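Labels run A, B and C following the written order; every chain starts at residue 1.
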Amino acid sequence: MTTKRLRPIVGGLGIATAISMLVTLYLGLVWSPPERTMGDTIRILYFHAPSAWASYLAVGVVAIASILYLWRRTHVWDIIALASAEIGVLFTTITLISGMLWGKLEWGTYWTWDARLTSFLIMWLIYVGYLMLRSALDDPERRARLAAIVGIVGALDIPIIHFAVLWWRTLHPQPIVVRPGGPAMSEPMVLALVAGMLSFTLVYVFLMALRVSLEVERDRIEVAAHPQPVTAEVQPS
Amino acid sequence: MSRPPSPAMSDAPEMAVDAPEVFPAPAERWTARPAPAYGPTQYARQVWALVWKDLLAERRTKEILSATLVFGLLVVLIFNFAFDLRRAEMDLIGPGILWVAFIFAGILGLNRSFALEKDRGALEGLMLAPMDRSAIYLGKLISTLIFMSVMELVIVPVYSLLNNQPIRLDLIPVIFMGTLGFVAAGTIFAAIAANTRTREVLLPILLFPILVPVVITAVGATGIVLRGGGEDLGPPLTMLAAFDIVFLVVGMLVFGYVIEE
Amino acid sequence: MSQVFSSTPVSDAPALLSVRRLSKRFGSFWALREVDVDIRDGEVVTLFGPNGAGKTTLMRIVAGLGKATGGEIRLSGMVAQANDIAARRLLGFVSHQPLLYPDLTARENLVFFARLYDLPQGTIRAAELLERVGLIHRANQPVRQFSRGMQQRVAIARALLHDPRLLLLDEPYTGLDPAAMDWLTEMLGVLKRQGHTILMTSHDLDRGAAIADRVAILAGGRLVYAADCASLRPGELAEAYVAASHAAAGASA
């Protein structure tokens, strides 16, 4: 896979991502009506939920790429896992921040130990740890192998964390905050949300393509800097 | 075994170099002896040998037990000083204190245990042996579980004493399942962190988020038992069991990848 | 690439160890490039090479402690990578490090490893070997208190416990005092006379060649020289070694 051949694909993805993001911005912020009880606050949802979806997507890709790395031992799977973990941390951060803004507007506080917010915080910590482990290991093979294990174990842990946190919330009753039921979604809202999902998926794919080709390029330069000398046999005298 | 000690007590080389029964020509022995089969019996014996080795070393040095015990007790004491708790508050906070003590002390023990494996390359000696590498995981898991259980057997009564609470025997299954989950995940991550220079810092950073389900459910279940109000233990114990099984299976599957060089 | 190690059949038996096109890459650095090695039953072969030549990498891969990037290892006819548990039974490995538990005694270490190898009468076997390496009088002391030379003896006893068909010794002379080196040479001589097959690495030409049937030089991850000790003229090995070291230094500069 040469990066040269990838370049037009990345470029095309970039344009598609930009257009779809503009459409989402228009649909979410301008075109769709305010929600009945929440008003304009609902508009955060068009970015918050897609970003949460992209976080899960990224985490899933980390896990799959990690399994494939351990199986095939091809460097490119490690690159994909790394790229996806970094982008996953980015989306998880966006999800957390947008969730907190929503919470401030709707519940009057930036942070409640809401089950979903809590799960995302823990997920964020797992993947920050994943990146810290990577930076603590110098040997590329060992880094790829150990990170892959954390990538797999972390993903398996996420559903368990989710159920545990849900149960924990029932044990400790929530502080009294105004909790709207699920927003009654009208058709334009659903459309805005779908557009958001689509554009965040595109953003993810675009960032992945950029990050992976950057890493592939770096490898290429590194190999070029350390050429494998052609057979220079030493003849016994 | 029963030979009298050799008179030469120095480190000087002893050159008694012709005893064919000890180093027979290997080719002869190997044609005569079929390669032993490798099955569950051998596996179980190897796991037990690994546990025996850890217990033996611990009996000599007492490093892990003393460190985890003293540390765990200190955590319990510090919480008591920090909060100056009354009985009612203790019911709420006590289970958390206990599990913070167990887990912090357990991290200490895991780090120490893997440092010993890396010290003179002993872990590589294990990897040379003809065994499935998941045996190394199971052996380490069982010995750590034993050390932690001993520590908990001291800390829980001390905690009850300090807080004027009766010692509850029905805590045993809850603590056992929680500790098993901690050790099942902790052994994987301790082996991973042992590859880095910053292993003491990295182990808790990697392990704590993973352990959140264990902490939540074990603390919850411990609270239910200590309050004795007949709340339902089912959900937390089910979740603990799920965590234990998932991490045991995953640990057995991935441990070979963790320690391979 | 010449079939470096196929020149001198000591017997007609198939090779006990047969390494083909073994390569190992660390990132962009090739530690081994298409190395071929053949060793027959009863042979003693020493691999020489400057630091960083790939000697340890080769030994670790053959011992099953490392994964090769490419190539094949056959032990007694079977592909070692595909039968790792069976292959490990055939190998004894002495590394730079003693691979022992410092808090256990010499005897406990050996009994423990004997149990891992599932040896019948492991206790007796451990005592036998301690006797043979001259440490029976220190058998009940923790290995932590031993000198480097004594730890090396326990390490050799550990490697011989299960009566391996191929003994791998990676730089066994490193860090030993002269008396311990003499002991080791003597010991290896005994093992050779008793029919053991040995592959060892060294950068000490005299010590390494003392008991070898064949020698070879590894430089820059390649086998660059191989010879029969019987047909070696005086000084030839040293010349080849110097040439190989210079070539390796030139290639990396």
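We take it that contacts are C-beta pairs under 8 Å (C-beta built on N, C-alpha and C of every residue); 3 or more make two chains touch, one makes a residue touch a chain.
Because the structure is a prediction, the values reported are computed rather than measured.
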(request) Return the chain pair with more inter-chain C-beta contacts, choosing between A-C and B-C. (result) B-C
(request) Farthest from chain A by Cα centre, which chain is it? Let me know. (result) C
(message) Which chain is most central here if centres come from C-alpha coordinates alone?
(response) B
(message) Based only on mean CA positions, could you tell me how far chain A sits from chain B in angstrom?
(response) 34
(message) Roughly how far is chain A from chain C, centre to centre by C-alpha average, rounded to an integer in Å?
(response) 48
(request) Provide the C-alpha centroid distance between chain B and chain C, rounded to the nearest whole angstrom. (result) 34
(request) Return the residues of chain B touching two or more other chains; collapse runs of consecutive numbers into ranges. (result) 260-261
(request) Could you check chain C for residues that touch two or more other chains and list them? (result) 67
(message) Can you tell me which positions in chain B touch chain C when the two form their complex?
(response) 1, 3, 5-6, 8-9, 11-20, 22-30, 35-36, 38, 42, 45-46, 49-50, 52-53, 56-57, 60-61, 116, 119-122, 124-132, 260-261
(request) Sort out for me which residues of chain B touch chain A in the complex. (result) 185, 188-189, 192-193, 195-198, 202, 205-206, 208-210, 212-213, 216-217, 220, 235-236, 239, 242-243, 246-247, 250, 254, 257-258, 260-261
(request) In the complex, go through chain C and note every residue touching chain A. (result) 1, 26-30, 33, 67, 217, 219-220, 222, 224-225, 227, 236, 239-240, 243-244, 247, 251
(message) Applying the document's contact rule, which stretches of chain A touch chain C when the two form their complex?
(response) 73, 139-141, 219, 222-223, 225-226, 228-229, 231-234, 236-237
(message) Help me check something: in the complex, which residues belonging to chain A touch chain B?
(response) 70, 122-123, 125-126, 129, 132-133, 136-137, 142, 145-146, 148-150, 152-154, 156-157, 160-161, 163-165, 167-168, 171
